[in-house]
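Each structure below is given as structure tokens.
Shared between the two complexes below is chain A, which has chain B as its partner in the first and chain C in the second.
Presenting the complex of A and B:
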């Protein structure tokens, strides 16, 4: 029986639970013997001109070996927006040279013998800052009243969508609702902060250990910043303690660690504090959206418009271009007659924005799902019914959504029905009515979100692809090299299952390696929920091709026609039809000559998983406190390889989605000071704030890869966020509340109730 | 300052800076790097170990405060033959870990919890682990793992076979 589709426990686990993972900070490697430590001095001010930096007091501090400022770091690249359509005058030097644009921006490097000494010494650097006005509010930024980059002429980094919106879009509508919606800035906050270790060899090559989501992309980014050829850089990926989109590529700090190692001719290490992490690692989301939705009172939506104002933070990074993904998914699961969307990304004096689990798609779903509820409330119809009337009918042939996304397959109504049935939707509505009739202080809220998202769009140029190498060893074990980059997802187990299923080698005898660019020079890494559908498919393809290579060799070995051989998976050996004794195993063949195959799997395109989430909340109408009591999720990501791992991805994503809806938010004061730069202040989700989740199975295989798999890593943040937010609004809708921005903190909810009672919905 | 700490049954005397944190002492002086540092504010619990049988965040204990005391880290839980402790087994069985960074602390917090409350409810588990953050699992499978470990403990795993469960930490 095939192992595929079964609940296989992770082979990775014993190490993590006994000796612990070996994260970058844990590394013990002889190449790092005598390593010194980098500490970054960071800007304490959001926006200022730097008049001068006095480092003299630092040099006398205990253990200080060197201090570097931008004046020293002259041989590195100037960073610009990642695509040409982003204003190329918005430039960044690795250390701030003349201007700082966010609190936490690196200003100087202190190198010390011991890590502790660096913290003491960095405080002694005296920077003469000439303050400039902070720009925090997005409308303020778009007004260009204060320019972050005067040479750019504007704070707008890029625009997406049509230059002119259709003023007649809503002409045929009986009802039109419009609302500004905040999709707030949040911190990815992986449990492992950023870190690096670097050493240059006598051959002039850099070896850098960096927690990342794709060593090959990290090598490219690091080489570009250091202005060296990528073949001069070897990235080694230690265990990675979570990433969530924020560890793609490399940050200026990583390059500066490598630069310092080259300058001093010594190995150098750096691990940031959580305080630095919350200011220095890219943040996610950060959109101000305006949704307008119109239609008929019978529940038909005729037109929908989404306008996005994206916060780029102080410098244009990946977050600047994520609104293009939001626009790509504008209509979501719906068959609206007319849809349009446009976006504008503006710089502000805050931490730069990057990718965060979902990266542009949760924002699209949040907008349209909130809009659907606004429309439903306006016409007085049940939100489930409004959705049913507007969902695209089920389809199995690729279908263009009008914004450039080619949905491969979908059955959105079935997903919604299953979620509602599992939730007991009718009973919940009845209970809601009863509670309201009784005047209960604890109001019940039910929130729905339908979603479709894009996964496996490909991190490299060309059609989405990934490589894998499978080698069988003479002892009967096997090794897989993959261009994907697990950091918790369980590829070690999943890829072994795929090879085991083909080759008959037990999962525990298959080692999966990744993240060393000398061993695996090409790869797209792990992100955008691409790994199984491309990386996994490549493992299967390589295994199958390996069997064909082995079959020819076995035929020679057994002196029979290859067509008379059959592969006996239980024995991991070729046998000859009708001859019981004649057999040769893969291990035997590997003993004669190395037995390995490298394969590249190429997909015809991205896939579009879909689903529906239902959230149930209780809201204390006197205090505004929200308790998430249930979360029911239907996530159809095609065929499931290992339900243990897939469910784990769903749980984690749902929690992060719920966290954004309920409590997490990065906050700045009007002067640009971060108010959430520690875990004491940033309301990181804990175990008490979520329930156990109710997962409903639905698997519609895709034809885009032989595994039938779509991506599942980000479904949770896409479906759960609006489901929970809608539930909170729904709970207090009878009090006249139509919308509450995230996070739905007690204060926000309470204010919305009070405001509605005063007649301001 | 000179301190003597028994870690996982082994006593050692060291001369340390007064400001040295216990977590740094364990990692740098005793080469026990399973416990991780996830924050600066005693919020995340990635560094949780047992101090005289009680779970503590080792980033909030000075090494000198542990002078004369016994510390237990996750490295000591599995048997010498590699057989996993019931809590470790439960975490594996229930997929209570993904990236693994919070895991050593989460497991030690669980051992500490079950020694005080061998049969917690789901709510009690969630409240006991409120100070141990995890970004990957959404806590769902961690909670299941703790409940499963509690069940395993009450199903006859005696104190000898399951150190840390049943009132013996």
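Presenting the complex of A and C:
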């Protein structure tokens, strides 16, 4: 019986649960003997000119070996927007040279013998700052009153969408509702913060250990910043303690660690503190959205418009591009007659924005799902009913959503129905009515979100593809090399299952290797929920091709026609039809000659997982406190390889998604000081704040890969966030509340109630 | 996230701790559970030159009946306070409040003496002590003295402790069977209170409604003159001066103080 589709336990776990993984910070390697430590001095001020930096006091501090400022780092690249359409005058040097643009921006490097000495020393650097006005509010940024980059002429880094909006879009509508919605800035906050270790060999090549989401992309980014050819760089990926999109590529700090190692001619290490992580690692989301939705009182939506103002932070990094993904998914699961959207990304004096679990798609879903509820409330119709009336009918042939996304297949109404049924929607509504009638202090809220998202999108280098090498060893074990980059997902287990299923080698005897660019020079890493549908498909393809190579060799070995051979998976051996004794195993064949195949799987396009989430909350109407009591999720990611791993992705994603709706927000004061720079203030969610999630099965295989798999890594943050937010609003809608921005903190909810009761809904 | 350099000495008894404090003067700080002091040192809000570790003085870790009081030793951990059978019967408010401090790790490290000495207006044990009208026994070079809760707290992170004194014991009147209430309002289970209300025997105290645990005196007076819980609680925020932060501005905190006080009074059995 095939193990595919079964709950195979994670082979990674014994290691993580016993001796612990090896993370960059605690890595022991001969090549790092005698390493010294880098500490970054960071800007304490959001926006200022640097008049001068006095490092003289530092040199006498304990253990200090060197101090470097931008004046020393002259041989590295200047960073610009990643695509041509981004204003190329918004440049960034690896260390701030004349201007700082966010609190936490690296200004100087201190090198000490021991890590702890760096913090004392960095305090002694005296930077003469000439403060400039902070730009925090997005409308303020948009107004160009204070320019972050005067040479760029504007704070707008890029615009997406049509230059002119259609002023007649809502002409045929009986009802039109419009609203500004905050999709707040959040911090990825992986358990393992950023880190690096670097050493240059006598051959002039760099070896750098960096926690990342794709060693090959990290190599490219690092080489570009250091202005060396990529083949001069070897990236090794130790265990990675979470990433959530923020460990793709490399940051200036990583390049500066490598630069310092070259400059000093000795190994150098760096690990940031949690403070630095919350200020220095890219943040996510950060959109101000204006939704306008119109239609008929019978529940038909005729037109929908989404306008996005994206916060880029101090420098235009990946976050700048994300609204293009938001626009790509504008209409979501719906068949609206007319849809339009436009976006603009503006720089502010805050931490730069990057990718964060979902990266642009959760924002699109949040906008349209909030809009649907606003419309439903306006016409006084049940939000589930309004959705049913506007969902795209089920389809099995690819269809264009009008914004360039080719949905592979979808059945959104079934997903919604299953979620509502599992939730007991009718009973919940009845209970809501009862509670309201008896004036219960605890109001019940039910929130719905339908979603479709895009996973495994094409790389810049063409169609989505990934490579894998499978090798069988003479002892009967096997090794898989993958261009994906596991950091918690369980690829080790999943890839071994795929090879095991083809080759008959037990999962425990298969080693999965990734993240060493000398061993695996190509690869797309792990992100955008691409890994199984491309990397997994490549493993399967390589395994199958390996069997064909082995079959020919077995035929020679047994002196029979290859067509008479049968592969007996249980014995991992070829047998000759009718002749019991004549057999040769893969291990035997590998003993004669190395037995391996490298394969590249190419997908015809991205896949579009979909689903529906229902959240149930209780809101204490006296205090505004929200309790998430249930979350029901239908997530159709195609054929599920291992339900245990898929459920794990859903659990984590839903928790993170709920966290954005309920708790998390990166906050700056008006001067640009971060108010959430430690875990004492940044309220990440813990297990005590969420119920056990109710996961409902739905599997519509995609035809885009032989596994039938679509991505599942980001579904949770896409579906759960609007479902929970909608539930909170729904709970107090009878009090006249129509909208509450995230995070739905007790104070925010209480104010919404008070304000509605005063007649200002 | 790395402290400034410091020296470390271990005290084996209260007397020795007092002597060490005398020796090092204001360069020294007592270290008990370390769960307030060490975070402050790591972010360099505190940089004592010498730490005098009293966390290991076992003779100060106890809960015992003593006449009309329950006596709790200063280095008794929150977890021990929370689970003490004596306290749960005699002073359940204190045990309950201790059980709500932070998370299990914090409760197994943090001590009652440390929490009271730290005097965070948002903390659980100070407000419980205030509502209970408990007394703090401190020891200095001249011996022991007792300070009532109302006099002990003197402002943000400020107490009546002299520099060469340490808390050795906390004394609380026995109140078996008496109604009490404690309402701690947080966003997450392991958070500090945004506001908390504690009540027992007609006293009402609030956490995070000012620079120290605040007695809701108008509420207490109303209760004393026969008001019901609803009317009395409506006065809870009178005279308070709550601070503002991301979780709540002053207006919201005042509102919470009233709601939580009413709920605490209801738990204590005070009728509306």
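Note that in this section the second predicted complex is superposed on the first by the 758 of 761 C-alpha atoms of A that agree within 3 Å, B and C clash if a C-alpha of one lies under 4 Å from a C-alpha of the other, contacts with A are read in each partner's own complex, and residues count from 1 in each chain.
The criterion applied here is as follows: contacts are C-beta pairs under 8 Å (C-beta built on N, C-alpha and C of every residue); 3 or more make two chains touch, one makes a residue touch a chain.
Fair warning: this is a prediction, and the values are worked out from it, not measured in the lab.
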item	value
Touched partner set for A:686, first chain B, second chain C, both or neither	both
Touching partner for A:398 - first (chain B), second (chain C), both, neither	neither
Touched partner set for A:747, first chain B, second chain C, both or neither	second
Contacts of A:676 with chain B and chain C, given as first, second, both or neither	second
Chain B versus chain C as contact partner of A:275, first or second or both or neither	both
Touching partner for A:20 - first (chain B), second (chain C), both, neither	first
If touched residues of chain A are counted for chain B and for chain C, the larger one	B
First, second, both or neither for A:591, with chain B first and chain C second	neither
Chain C-contacting residues of chain A that also contact chain B	116, 273-275, 678, 680, 685-686, 688
Residues of chain A touching chain B in the complex	9-10, 12-23, 25-26, 116, 189-193, 239-242, 244, 273-275, 487-490, 644-645, 647-648, 651-656, 678-680, 684-688, 690, 692-693, 716
Chain A-facing residues of chain B, complex	17, 19, 27, 33-41, 43-44, 46, 74-75, 77-78, 82, 84, 88, 91-93, 95, 97-104, 107, 122, 125-127, 129-144
Residues on chain A engaged by chain C in the complex (per definition of touch)	115-116, 119-120, 273-275, 622-623, 625, 663, 667, 675-676, 678, 680-681, 683, 685-686, 688-689, 745-747, 750-751
Residue ranges of chain C touching chain A (in the complex, touch as defined)	1-2, 4-5, 39, 43, 185, 187-191, 194, 246-249, 252, 255-256, 259
